[in-house]
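Two complexes come next, and they have one chain in common, chain A, joined by chain B in the first and chain C in the second.
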Partner chain A sequence: MTTRRPNLLASLIAWPLVLIIAFPLAWMLLTSIKPAAELFTRTPQWLPRSITFEHYTRVLTETPFLQYFGNSMILAISTTVLVILVSVLGAYSLVRFRYRGRETLAALVLFTYLLPSVVLISPLYLMLVKVGLANTLASLVAAYMSFALPYALWLLRSFMAGIPEDLESAAMVDGASRMGAFVDVVLPQALPGIISTALFTFILAWNEYLYALVLVNSDEARPLTTGVMNMLISAFNIEWSLLMAASVMMSIPLVILFAFFQRYLTSSFGAGGVKG
Partner chain B sequence: MPDAAAARPPGAGALERRDALLGMALIAPTILVLGAVIVYPLLSAIYLSFFSIYTPTLEGHFVGLANYRDLLGSGGFWSALVTTAIWTVGTLTLQILVGVGMALLLHQNILFRSLARGLVLFPYFLSTVVAVLVWRWLFNDLYGILNQMLMNAGIIAAPVNWLGAMPNAMLSIMVVGAWKFFPFVVIAVLARLQTIPESLYEAARIDGAGPVSRFFDVTLPQLRDVLTIVILLRTVWDFKEFDLIYLMTGGGPVNGTRTLPLIVYNQAFGLNQMGMAAAYAVSMMLVMLVFMLAYLRRANARSEADSAA
Partner chain C sequence: MVQVVFEKVRKSFGATVAIPCLDLRIESGEFVSLLGPSGCGKTTTLRMLAGLEQTSSGSIRIGDRDVVDLAPAARDIAMVFQSYALYPHMTVAENICYPLKKRGVAKAERATKLADVAALLQLGPLLDRKPKQLSGGQQQRVALGRALVRDPSVFLLDEPLSNLDAALRAHMRAELIELHRRLGKTMVYVTHDQLEAMTMSTRIAVMRDGVLQQFAPPAEIYNHPANAFVAGFIGTPAMTLADGLLVREADKAIVRAGALAIDLPQALAASLPAATPSAITVGIRPEDVAVGAGPWAARVRLVEPIGHETIVFLDADGLSLTARVTGSAALHAGETVAFDLRRDRLHLFDKTDGRRLATVPSA
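Right after this comes the complex of A and B.
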């Protein structure tokens, strides 16, 4: 363990396990590029004999996939922007200011972070019907705030608590106002935390299923999760190659985020998810 | 935590009050949103649970505690509670075992380590919908690769019905849950492993401890805190899991995998009994409260220890 030499024994144990874990995703990819004829054979065909993208073009042209994709994008981006705006200010207030009820509020945030969605779903449904937002993307943004905001606050709170207070005090001694110090000193320091929080919020919103199932029943506002699932449920005979192609495409934004920002995504576990 | 205001001379009370006002202004949007989308719905969930409401018309009347009486008297709640407990314990055990094992391996200097880490962590970030579609295709009884592989290897003679029979369905969703959520354990444990001082292992080695006793005497005690928190968090999250079970089995076969969140959904939007659904939701939350409070206590103890340090 003290040497920097690759540990061959551990590699020999680890890699087969890693490949088993990655297998379902590899199989998804392989299924999506196999001609339909190769799918239903008695002996499994590991690698496709010929590669086809017909399933992808069919998903894009014969299903409302692109509409769902657009809806999911709008939904995830709006949720992320709103949540970050509210939670950056809120977390800063929870970390740096003293006022009555602050501790209670912090505990409440943590409590709501653990709250099950199914408890809130009926009242939220009633509320959104009453204010006339049912069946719109706006209703989903509102509902997504219920899990994304406590999560973002909790994450950002622990990131901001790690920023030394001296920096702010120094800026204020130099004549900066409290908010000036916040913008010039705290925000740049908190940027990695804000990036992780934004990424996580985007992923949570992109992947959400239950609220989308309950609050939306028209294609105009349906995101990918319920949209793609509808393709499975409504089909007479299930076309697995189509579903796998759709699955691959709806995962592409996540793969991109993951590939570029893996460091940010894993760092926030230490800060918010686990450390508390 | 020392406040910047505390360092100022005593005459700065007005400034501190102004700061407190600014602090409250900054938290105001948070309070507004949390109030609208969490506190109000939560309170109305409790309120609704005393009514009998027909979902499509939203008409209802007060029934007092009747919903709770019916719920506790019916077998449905108790059997769903047992099912939820079985699912939670089963999938969580798998997550912890695979997660800790994988973290220990990934902590070693293995070949292509960052690629291995990426592959292992990715299922956690994947949509549950995608995970479910992929696994339902793997589990497909006629053309699924799992049955084909097992039959070719001579392990089974006929295709196994993975999702339509018990206990297969429960075991299958436990495996899918473990696959989807074990990376959370890996990330948490891996982060902790990197902070264990090498000197502890050196000392153990000098004392003649082998790899196995080094794991039990050095590594495991160091992981105790992080594992407690991970187990509490994942208990809460697995207990309330809806998407994965609903989409894998819909609660079937019969009611074999029908956990409490599925009942709440079914009562509200399948049977159209919104009041009863609220009663189920509140009861479920009361059960979860034990774990939530345990986690809150842990988290508070941690943050106090952190700010003291």
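Right after this comes the complex of A and C.
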């Protein structure tokens, strides 16, 4: 392999973009470790003169941050697990089986995704109240599934369409049941797609704000997004240091996830079909 | 002993009938090719035998079991796919052992069988590789190995050689013949390549539009095609098929095709059924046209020297003929040559339904 010469023009465009996008993140990190006294200096300080972790300790000990964090974790993980479970089987069905209304179903699924989520909030809320789920984590799981599932179905459907049917046929002739062939052959092939779909769903659930704001108003069920806003931003005051410390800690799970699965994300959208 | 029997098998996809009614009896240990142009139903037939496609009606027996309602796994078959269908995430060894693993064969026995197959197909150095790291020919071998390892009662092969280059294909063809001879297993082979079918099969089933046209040994198919379709499909270059008129005069039978009036030999004329229509199709194999001397003349339209033989396209007063000349012929396009036909080798077909009319008593 020869290393390609970096394209000068691309670099000239890419690097400023990276800097612009990275700036708020850097500022967030820097603000979170500055002593409160350094926050509002007349000439903004880039690097803190002294580093402190007191904001982190305060967020962790004096606020319900950990409770929100736990809520967000449960919320994101259960949404992801449910969405993946349903969409993997659903996508497989859409790709492999022929039944009446299959294409219509696929189109309808996409159609629901085209509706702006704001439109759906009120009806969804009323429905959740009726089934007695209002103000619970489960109501958010249901809400998130309602918009994560269609997307996941479409993503995985195109992914699975790229897996040659011969592979399954071969597995079935070789002695596997259909489910066995699915597990032995289809799942490993679809794994990059499943991982990127899972990652997408997790991020969606982790970062969601609007539904969380409308559907949940008790600390027991509040996720990080609305929780942090609620406790640190009041009408009179914004606790910038604490907000930034909380934001940093909020980002950590996503950073870890990306570090682990990034190669799947980049490889999955290009690859799909595997030549036998 | 494992015969494969199709009895009144019908297959339709929705309103489209792929196979109206198929009867086929493959004897134990035979190498049978299902041959035909694409869309003729040969792959569907094989997939129904494998259990990958449901029959609409009829029965399929492997040995003495009716397998129509059995899952592919329960049919005791192995299949090689055109795409090879190697499991990309498994190594060569894992690929080959997969059928054993699925049938709960013990680890030690798996290793022994893997070693046997690897030795047979010279896969030893490749066992730890992934399919992606193999050449087409090597992948082919692995697919074959995965089929062989389990010692099934019937082998199904779906155009296994069509993705290989010409030289490798010829080589693998020879290996498959050798393998069949050594194993003595029933093999069903789908191909659209008549050369593969002719060289490898004990019998060939020629199919068209889901209908079995002829099921016979290769020589029989070549020398006595059951109808005009088989006649035109088998043989390279293809048999000349021309409209003709059968005229009976006294005790003679004369076929007029173009400007030619061909006096049929006694034996051939005698074997014509009494109710023979006058509108017929005349089939002439290229090797049955003798160029150089004879009662007729034709203009040379095109000369294709191949080396050991030359294909000559002739134009005899509106009748296009293909001739095969051994060696290189000193012929040029545009010149006029004399030619003759081996009249006892003419093929006569009913023009309306293509049915073979007369059978030349074999010499």
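Keep this in mind: the second predicted complex is superposed on the first by the 245 of 276 C-alpha atoms of A that agree within 3 Å, B and C clash if a C-alpha of one lies under 4 Å from a C-alpha of the other, contacts with A are read in each partner's own complex, and residues count from 1 in each chain.
Just so we're on the same page, a residue touches a chain if its C-beta (ideal position, glycine included) is under 8 Å from a C-beta of that chain, and two chains touch if they have at least 3 such contacts.
Please read all numbers here as calculations on a predicted model, not as lab measurements.
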Partner chain(s) touched by A:Ser169 [first = chain B, second = chain C, both, neither]: both
Contacts of A:Thr201 with chain B and chain C, given as first, second, both or neither: neither
Chain B versus chain C as contact partner of A:Thr80, first or second or both or neither: neither
Touching partner for A:Ser32 - first (chain B), second (chain C), both, neither: neither
First, second, both or neither for A:Asn71, with chain B first and chain C second: neither
Greater residue coverage of chain A in the superposed arrangement, chain B or chain C: B
Which of chain B and chain C A:Pro188 touches, first, second, both or neither: second
Common ground on chain A, meaning residues reached by chain C in one complex and by chain B in the other: 169, 172, 274-276
Parts of chain A lying in touch with chain C, wherever the complex brings them together: 164, 166-167, 169-177, 180, 184-185, 188-189, 274-276
Contact set on chain C toward chain A in their complex: 47, 50-52, 71-73, 75, 77-79, 81-89, 98-99, 102-103, 131-132, 139, 146, 150, 156
Touch list for chain B against partner chain A, complex: 1-5, 7, 16, 19-20, 22-24, 26-27, 29-31, 33-34, 36-38, 40-42, 44-45, 48, 58, 102, 105-106, 108-111, 116-123, 125-131, 133-138, 140, 142-143, 145, 148-149, 152, 179, 184, 187-188, 191, 198, 201, 226, 229-230, 233, 236, 239-240, 242-243, 247, 261, 264-265, 268-269, 274, 277-278, 281-282, 284-285, 288, 292, 295-296, 298-300, 302-303, 306-307
Complex interface listing, chain A residues touching chain B: 1-8, 10-11, 13-15, 17-18, 21-22, 24-25, 27-28, 31, 39-40, 42-44, 85-87, 89-90, 92-99, 102, 105, 107-112, 114-127, 129, 142-143, 145-146, 149-150, 153, 161, 165, 168-169, 172, 178-179, 203, 206-207, 209-210, 214, 224-225, 228-229, 232, 240, 243-244, 247, 250-251, 254-255, 257-259, 262, 265-266, 269-270, 273-276
